[in-house]
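Okay, so chain A shows up in both of these, paired with chain B first and chain C after.
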Partner chain A sequence: MVSKDLLSECRSLRVWPAMLLLGVVVAMMFAMQADLPPQQLRQIVGGLLWLTIFFAGTLALDRSFAAEREDGCWEGLLSYPVSPTCVYLAKLTVNVVALAALECVLIPLFAILTDLPLLAHPGPIIIVAILGNLGIAAVGTLLSAVASTGKQSSYLLPLLVLPMVIPLVLGAAEATRLAVEHDFGPSWWRWVELLGAFAIIFVTASIALFEFAVEE
Partner chain B sequence: MSQTAEKHFFNDYLWHAVAAGMVTTAIAAIFLLAPMEETMGIAQRIVYLHVSVAWMGLAAFVLMAITSGMYLFRRDLAWDHWSRAALEIGWLCCSLTLATGSLWAHAAWNTWWTWDPRLTTAFVLWAMYSAALVLRSGVEDPHRRARMGAIVAIVGMLDVPLVIMATRWFRGIHPKSPHMEPTMRVVLLISVVCFTLFFTMLLLLRRSQLHIADMLEDLQAQAEA
Partner chain C sequence: MTDPRIAIEVRRVTKRFGRRLVLDEIDLEVAAGESIVLTGSNGAGKTTLLRAMAALIRPNSGDILWFGEKTSGQHESRRLIGMVAHENRLYPHLTLRENLVFAARMCDVVHPQHCADSLLETVGLLAHGDRTPPVLSKGMRQRLSLARALIHDPPILLLDEPFEGLDADAEQWLSGLLQDLRQQGRTLCFVLHDEAKTRLLADRVLHLHQGRLLQVAGQAAVAHVA
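Here is the complex of A and B:
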């Protein structure tokens, strides 16, 4: 199912180009507005980066189930001889890959636009990115299934997901800021632990609740 | 008027009288019993309402999550009526919390808004309530609406401790346990009890209303069939 979704996206290029383009445009707008001295820019770069990732990533999250419904594949997906958990984990994986692709573009772009050492220590940034992706995708995939059942799915998803991921965006932004300041002490680990806890709680809860979300 | 209708009329009248009495008692205690605070003056009296609605906003969220879980477990729409009533009352209380908090903050801190942990948590709670209301308004089938609403309520409930933890790690300026005179504490207690009873009554009335609306829809469907 993962390869089906990735192959379908590679062939049709329906979502990823739009997602990357939106990410680049939002990053440019933020960088243009936040033309500040480096010391002040360090304080806000994490928040700007993660908000950009969230808003652009919502496009990919939204298409997880909306595309299946529009193309009449929903019944086929439900009649697949696998459990709803497998369907959820497959969609979650695709969304994590989409967000990772987005970050491969946005993190270097933010480093260039702000002239801050975002990539000076790639290890910690990668850890934050993996946990952040997992958290956003965990909540986003479940709520995408929920939102796709209503009449207002396109604008409902960000409305549902953003309040839920506020602790995650806050944690990822702070961990990124500390990484830029080369501060990997207890406060950095505290935020990473929060991201880890968020990912574990919501992957587990979403697996338990997904069955109810796709029930016809 | 039949005996049943008379009984309902009396019950409704009694409920409304009790609700009005509760609100009047709370307002009287706030304005007549509570002493004037030295530094903030009359603006301090907002606290009595603010604490009451903030507590109800959180309690309604917990009730919504529990009854949502019960709906998913039992598949009985009666549980969803509880959940929906809690959602609507919770949204009202959360909106009042933000409004009264903002008024108080302007008087105390000279700013309408600050990213204090508790304010941020209240805002996130309000955003979750609002999103759940919008979601419910877009789904017509009652069981599907109940299922989707229940998922959002449970996910939101799991999120609240993380929101509190994350926002607390930022520096907060919200008073944790402000010093209060004994009379002020008594007034706060009266206010919390009265407003809790008032909003509980609203919640019960709304739940009955939803239940009756559902029964009416069933009857209409039966009559059309």
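Here is the complex of A and C:
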């Protein structure tokens, strides 16, 4: 299912180009507007980065089930002898890959545009990116399945996802800020632990709820 | 007690969408190898009953059983069912062969590539295997949908208006294939509007009216319709 979705996206280019374009445009707008001294810019760069990842990533999350429904394939998918958990995990994997691709573009772009050492210590930034990515994708995949049952899924999804992931976006923003300031002490670890806890809770809860979410 | 000779058993199934009652305490048994046709006007509940029989929707009350096993929560037992729905359920950016290989992999078919090619040949689309569904005619897409439903060799086949939108040649071809499947002993459930096709394919005709099963016609009654 994962390779089917990635192959379909490679051929149709329905989501990724729009997602990457939105991410780049928002990042450039933030960078141009935030004409601040480096010390102040360090304080806000994490928040700007993660808001950009969230809003651009929502495009990919939204399409994960909407495309199946538009093509009339959703019921076909449910009619296969596989558990809803497998369907959820496959869609989650595709969304994690999409968000990872977005992060691969946006993190270096933010580093260039703000001239901040976002990639001076890539290890910690990658850990934060993986955990933040997993948390957003876990909630987004579940709520995308819920939203895709309605006709206004594109408008509905950000409204559903944002309140759920506010703690996660805040945690990722703070962990990123501390990483930019080369502060990998206990406070950085606390934020990373928070991100890890959110990711585990969101993935577990979403697996448990997915079957009910997709039921008519 | 359950009887494995009964392929599909519908026990007092009721389904509501909001406040609208779509299926009203439906009781139905379909014997293994039997071919039934559901008829009725638009909105009578035919497609909903077919989707409930395919375990794609959960009834508000009542049970559906396939060969004596309850369908609810039994993902593995979906192997028993193949379905041709109104929509084609084909991925537009995958080729015909890739669509079938994907379906075969999802059903754990042992040799998915070989199985896909074999079915493409059966439905006369082997030469078009590397094309994508949007460039095909409605009839060709319907053939592929049937191949997709048959990919795991299910004993029960559910078909929702399979002749809709087909030209005369495609209708004739599909009639022949469905008769072959019937002779192979598969259990077939159709939603049909066409009387001639109903006569050709049905052992029994069930008439739905406003969610209720009003009339059960056997072979004699089917012949009488003729």
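Observations on the model:
To be clear about the criterion, the second predicted complex is superposed on the first by the 216 of 216 C-alpha atoms of A that agree within 3 Å, B and C clash if a C-alpha of one lies under 4 Å from a C-alpha of the other, contacts with A are read in each partner's own complex, and residues count from 1 in each chain.
Note that a contact is a pair of C-beta atoms (placed from the backbone, for glycine too) under 8 Å apart; a residue touches a chain by one contact, two chains touch by 3 or more.
Predicted model only: the values in this text are computed from it and were never measured.
Contacts of A:E215 after superposition on the shared chain: both chain B and chain C are touched. By the touch criterion defined above, A:T149 reaches chain B but does not reach chain C.
In the superposition on chain A, A:G196 makes contact with neither chain B nor chain C. Once chain A of one complex is fitted onto chain A of the other, the partner contacts of A:I166 are limited to chain B, with no touch recorded for chain C.
Once chain A of one complex is fitted onto chain A of the other, the partner contacts of A:G76 are limited to chain C, with no touch recorded for chain B. With both complexes placed on chain A, chain A has more residues touched by B than by the other of chain B and chain C.
Residues 215 of chain A lie at the contact with chain B in one complex and at the contact with chain C in the other. On chain A, the positions that touch chain C within their shared complex are 1, 4, 7-8, 11-12, 71-73, 75-84, 215-216. By the touch criterion given at the top, residues 51, 54-58, 75-79, 81, 83, 85, 87-94, 98, 102-103, 106-108, 148, 152 of chain C touch chain A in their complex. Here chain B touches chain A in the complex through residues 72, 120, 124, 127-128, 130-131, 134-135, 138-139, 144, 147-148, 150-152, 154-156, 158-159, 162-163, 165-167, 169, going by the rule given at the top.
Interface residues of chain A, counted against chain B in their complex, comprise 139, 142-143, 146-147, 149-152, 156, 159-160, 162-164, 166-168, 170-171, 174, 190-191, 194, 197-198, 201-202, 205-206, 209, 212-213, 215.
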